[in-house]
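Each of the two complexes below includes chain A, the first together with chain B, the second together with chain C.
So, the complex of A and B:
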């Protein structure tokens, strides 16, 4: 028994869904979808639930996370309902529903909230630096580098980092727990043996680390099936760079933010460069994809897609400039750029990691993990 | 008795000759007395063969011919025309079917197929031997048509007939024209209103001097046949002088003074109306009418409107017309009490009521004082019934309900439409509407016939439930402020006219045509035509299509002033006949009348009515009736040939 919620379509359209109500149930999308099986009707089941506004059914489903948006359904839909974009919107919707604070929903559906929060956080960072920064010395180190740790001692920044890390971890974990309740908690009739949580755990690690499912996305309709799925490779490169950079900044700032200039092959610099290259290539690639709109999955961009890319771009480019200025002994530009770097970095992490687009890095592997548990539990039954 | 008969045995390529020994058939035929020649031919219907037969008739002075080939359904008229071209009466020709009845039926036994063919051909020869040359029967016909029902179909047909020069008597039972269409507001696809369409047709009807329009009028008797129907019509008075100039202020005053209030049929009982009424200001003719059944003759209206005349009497008029066209329309299905909670839960109404509700509602859509937000439409109520009588699809309702769902959403904010369908049939251009509705957010659900949608009342809320096959048979429900039963069309309850004219009724109880594809607007009664929704549920466009088709058919029948009839009619032997009434009692066409000849009563055949069906022949106790073309001597000749 389920009750129709006719207002759902209007809500979902704020998350980027298009004219999905036009669906006349022909099933072409299911026929072309590489994920469809006998009992799992991708993506039609989700379209139908969305048309009827069966929010409980949608929220207890892992289906939207299993789709990697090859876009074949959208390309073949005779009614131009864009099922691929609907699945994308459902992922945004679910992200905001897993977030128990309600902030995620605000950030997704209101530009005022999105940009207001970014501006507010950026101003807080600016404010802290204006009042609490160290001396802006023009003296250089023995290597000719800028004495950044005099202006912004890493010990103090680390305190802020750890506070922020704790904040992010708390909200992201609690949201994942909320996701668990919605997906596994709603399986009232299914008894899940406790050991499954452990036996299936390696799948979480594998899928987080490799994003393997992404590589399976089959784009034969677009007739350009490269030997290696470029999208997946670039995405993986971007993701790994992001993770490396994140870990270095949050957990090992004392090792990463130094005044000495190490030889180029020093792990600090190698890892930094790897991450920088990965981020730059990723950002440029996704910018180009979203502007060109040639691939189905890049045709429609929600405002939050651009926000994430722009903040990431500003963070990366300012980070590169800080590095260049520091190495070349340019103290004042280094200090200003460092402040700017943090004004972009902090809002990006604060809003994206637990409340917005970034969180899919966690939700996707967890959805696969929960799905495997449910499937295994059903099989053992 | 024919002395020079030509017999032609067709090979039909090899269709016949592969199994029937045609040479043998010809040889046997030639032996029969009176046969002048017997030939085989590759294709009897080929132009060259037809010419050859004509030549034979002329050069050999044949007085009858037999062609043994395919079914007469295929080529009877082909060879009748051959006879006519060669100067032979077409009724001195007999076709024998040796293809369907011999070669095709007995392809496993050529010997017996041949034997059967020989018997059939000889029977044909024996029949043609006794055939008479029947003269063509021509009767005079009045180029005038009675059109019954002044809805869109009737008016459109009347206009077209008048344009082609046919006189039209257009009668309408109600006091106002337009029928169902005048009840509808905007129509797909032009957005013109039903009232506007009716007004346009009415103007044309009034402007044409060949059309006589009578409202408040019914057909009460009919005699005669095609070409010469004598009809009588009866007027129920309007009780308002037709000279009354439309002074809407005065009319309104008279209406407001009337103390009587009855359910308004025009709004399907949603509102009340007075005994003096006009359903809407622009309704035509522009004169109010008094519903005398409910009027108590208090005289209040007379005081303000001197044109009211409560003394008017019922009148009758006689006309002679050549044909009758019925455009009497259809009724809407009235759900049974409890059918989808109809009349049990207060906010369950029909589609027709809903359409009127949208039109008569003001700024807010209210039903019984409650604001409407969620509307559930339940499809196929009274149509496509699994167990009920109405097996047919009503054709127009899917389109109509979706169009109404769009209109209601355009007119009012915050409406949500839920369509509980059994599959949506918005065929043709109407698919545009379905797309529009889906795009505007209407939700479509579907169930199978054996698991119908349910309407229940729970704590004062109306809940509509379905096992939605589009959602893997999940049980889906919605709370509805208004439930609209999408009711289709049913035949008119009033059967007076169909019994008066003896119109054949189909299994669906609508009037039946002769042939759904080839003769779609004619009935088996010559000169009586049908169009519009009295024949089957139709959209307005389909109704008008059929009306125009019927107009053309009626005009082509009557325009020459003469109608040629098939001369195979019953003939009474006035000597033997002793008027006993048995034949008249069984005649389905009212073709037998009692008449006096030389001081004795005998039966007489009304040639225009007789269809040559032969029903009267076996019931005559003194064998006084013969059917031309099938006389006793012909039939007996055939039988003896077959049994010999």
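So, the complex of A and C:
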């Protein structure tokens, strides 16, 4: 039996939802959506669930993740209920519900928790450096670079890296498992053939790597073919940069954090520059979008959206400065900037990856994967 | 014309409500001035086919009323005129400036329409809602009152062909706008309504897709004085056999600044659907609605009657209309009953 939560609207407002109770169920939002299909009709279904407070139905559903927020529904909604922003806040809500620790919900709904945790983690990093840093030598390497690995030997940082990586992986994967239980585990009356998990698996990879659905978002339906979507291009550039950087610092730190100064065409520098450019362009673009508020999807920003962008910005800019200082043989600025870099990086990863906005990088492709499995299972029945 | 005119009542608008109020007051002995901005009395109603829910002939109600108004000795009628500056005087009366726009045709006109044959300029006929053309000099429509031609000076090429052919010598290019001060004791405002401009909803494609028409254009195709002798779709003149009605186009919609219900589009669409069943017996008619608001006496029965006649009613707002190569239209909507997104093909869409 369906259970309803009469206070759901109030709860969802903390996640950024607007007055969706004005909806009169005309279905305009679903009809103008370029991603809504016969198998997955949204967003009106989600508005109905939210109005009624059917929390279990919402948690069972993958559709909030199928929306990439072009904002067409919000722009044309006759009642101005802003379905696009509702879908966005449902994604925040679901992120906090997949997280079994409950920390996600705290971070989303309380600024005290959000900023408190960031400050706490930044201070932990600061203290670790204050007490355990290596000698802050002013000597330079043979080619004029700073001896960063004397101040912060990569072997030691790598230990912290791996500890953090393990922490992130454990929480993110357990959250994904929780998501699996909520979405597929709750399909009691649907028998899912085991082979579907394998036959649909490549879609997970494709959607993770290309965000193909995103590229179809916001295409004008009357044109019947996808147009190049700037938002998607920038987002893909940002995401690929992020992944490259993440892999380099977690798995190949010894190679990445070196005291050698390689030629500009060395892969280490090429990859680093690619990621830096991608991150910078992405951050600036999304900053401008959120400040200008001209696109429907940038009109409303939750505090966590800004936090993510600001932390990412601080990490990137301090990373660039570390690089510049090191190459130009400026030892003290390099060391201080390196500490600051980690003070922004660690909270960004620890908070955002398993508990907050960053996790959509995993939830979106998994939601599509689960959705394809369910749709295929329904079809085979 | 500098003398001051005095009346008991000024009625603004010569449509059905203006005529009715003018007539009722005149019958009680009041002196009435009726000011109509259009070329003819009758307003919107004289152009309609039938009224709901009784399906009485609309023009048969309006035309006798209009003629009676026109002939009544206590009513002075000014067509193609407007009022400016209504000011309250200390005595409680109103000082009004009456502005008579020039028609360039005097009242000697017999309505013979010889000038229309000779006029070389063709423009859209606003009284047929742009379905057909008219000349730059024209008698507004066949049952117009007064039945006097007028020159559409903005489109006129000033060739003078009408002047040569007019048997009554009634063409007068020297007319200018006239302003007359009048004093009235009371003012009745019966200015009617403006139709919603459907180009404000670009995703419905009105103006871009020719087979998307307004309900007024459909109404004109169903009246006895209709432009074609049949119901035809504008793009290729084909007889439509699968017609869609899109309700709430422009009402109950905050994005176009009309958050409230027009209270009329459910019922006139139901009426037109019934008339179409008679005009095109083989055609399918589908009405896409949000909520049927059949709120008046006999309205719900009228709606049930339409259903019984085979009109299909589907709950769901049309989100998007796209055109196919053959001029047919694809309507994308969410079928609210099933919750699924659907696309339906129709060969004529009425907003």
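Assume the second predicted complex is superposed on the first by the 366 of 381 C-alpha atoms of A that agree within 3 Å, B and C clash if a C-alpha of one lies under 4 Å from a C-alpha of the other, contacts with A are read in each partner's own complex, and residues count from 1 in each chain.
One rule holds in what follows: a residue touches a chain if its C-beta (ideal position, glycine included) is under 8 Å from a C-beta of that chain, and two chains touch if they have at least 3 such contacts.
Just so we're clear, the structure is a prediction, and the values are computed from it rather than from any experiment.
In this overlay on chain A, chain B fits alongside chain C without clashing. Applying the stated contact rule after C-alpha superposition, one finds that A:19 touches chain B and leaves chain C untouched. With both structures placed on the common chain, the touch criterion links A:3 to chain B but leaves chain C unconnected. Once chain A of one complex is fitted onto chain A of the other, the partner contacts of A:28 are limited to chain C, with no touch recorded for chain B. An angle of 30 degrees, to the nearest 10, separates chain B from chain C at the C-alpha centre of chain A in the overlay. With both structures placed on the common chain, the touch criterion links A:45 to chain B and to chain C. Smallest inter-chain Cα distance, chain B versus chain C, after superposition on the shared chain: 6 Å. Residues common to the contacts of chain A with chain B and with chain C across the two structures: 24-25, 41, 45, 79. Contacts from chain B toward chain A in the complex involve residues 374, 416, 418, 434-435, 438-445, 468, 470-472, 474-479. Those residues of chain A that touch chain B in the complex are listed here as 1-4, 6-7, 9-10, 19, 21-25, 41, 45, 48-49, 51-52, 54, 79.
The touching residues of chain C, counted against chain A in their complex, run 203, 205, 248, 252-255, 290-291, 316-320, 322, 332-336, 339-342.
Only residues 24-33, 36-38, 41, 44-45, 75-80, 221-222, 224 of chain A touch chain C when the two sit together in their complex.
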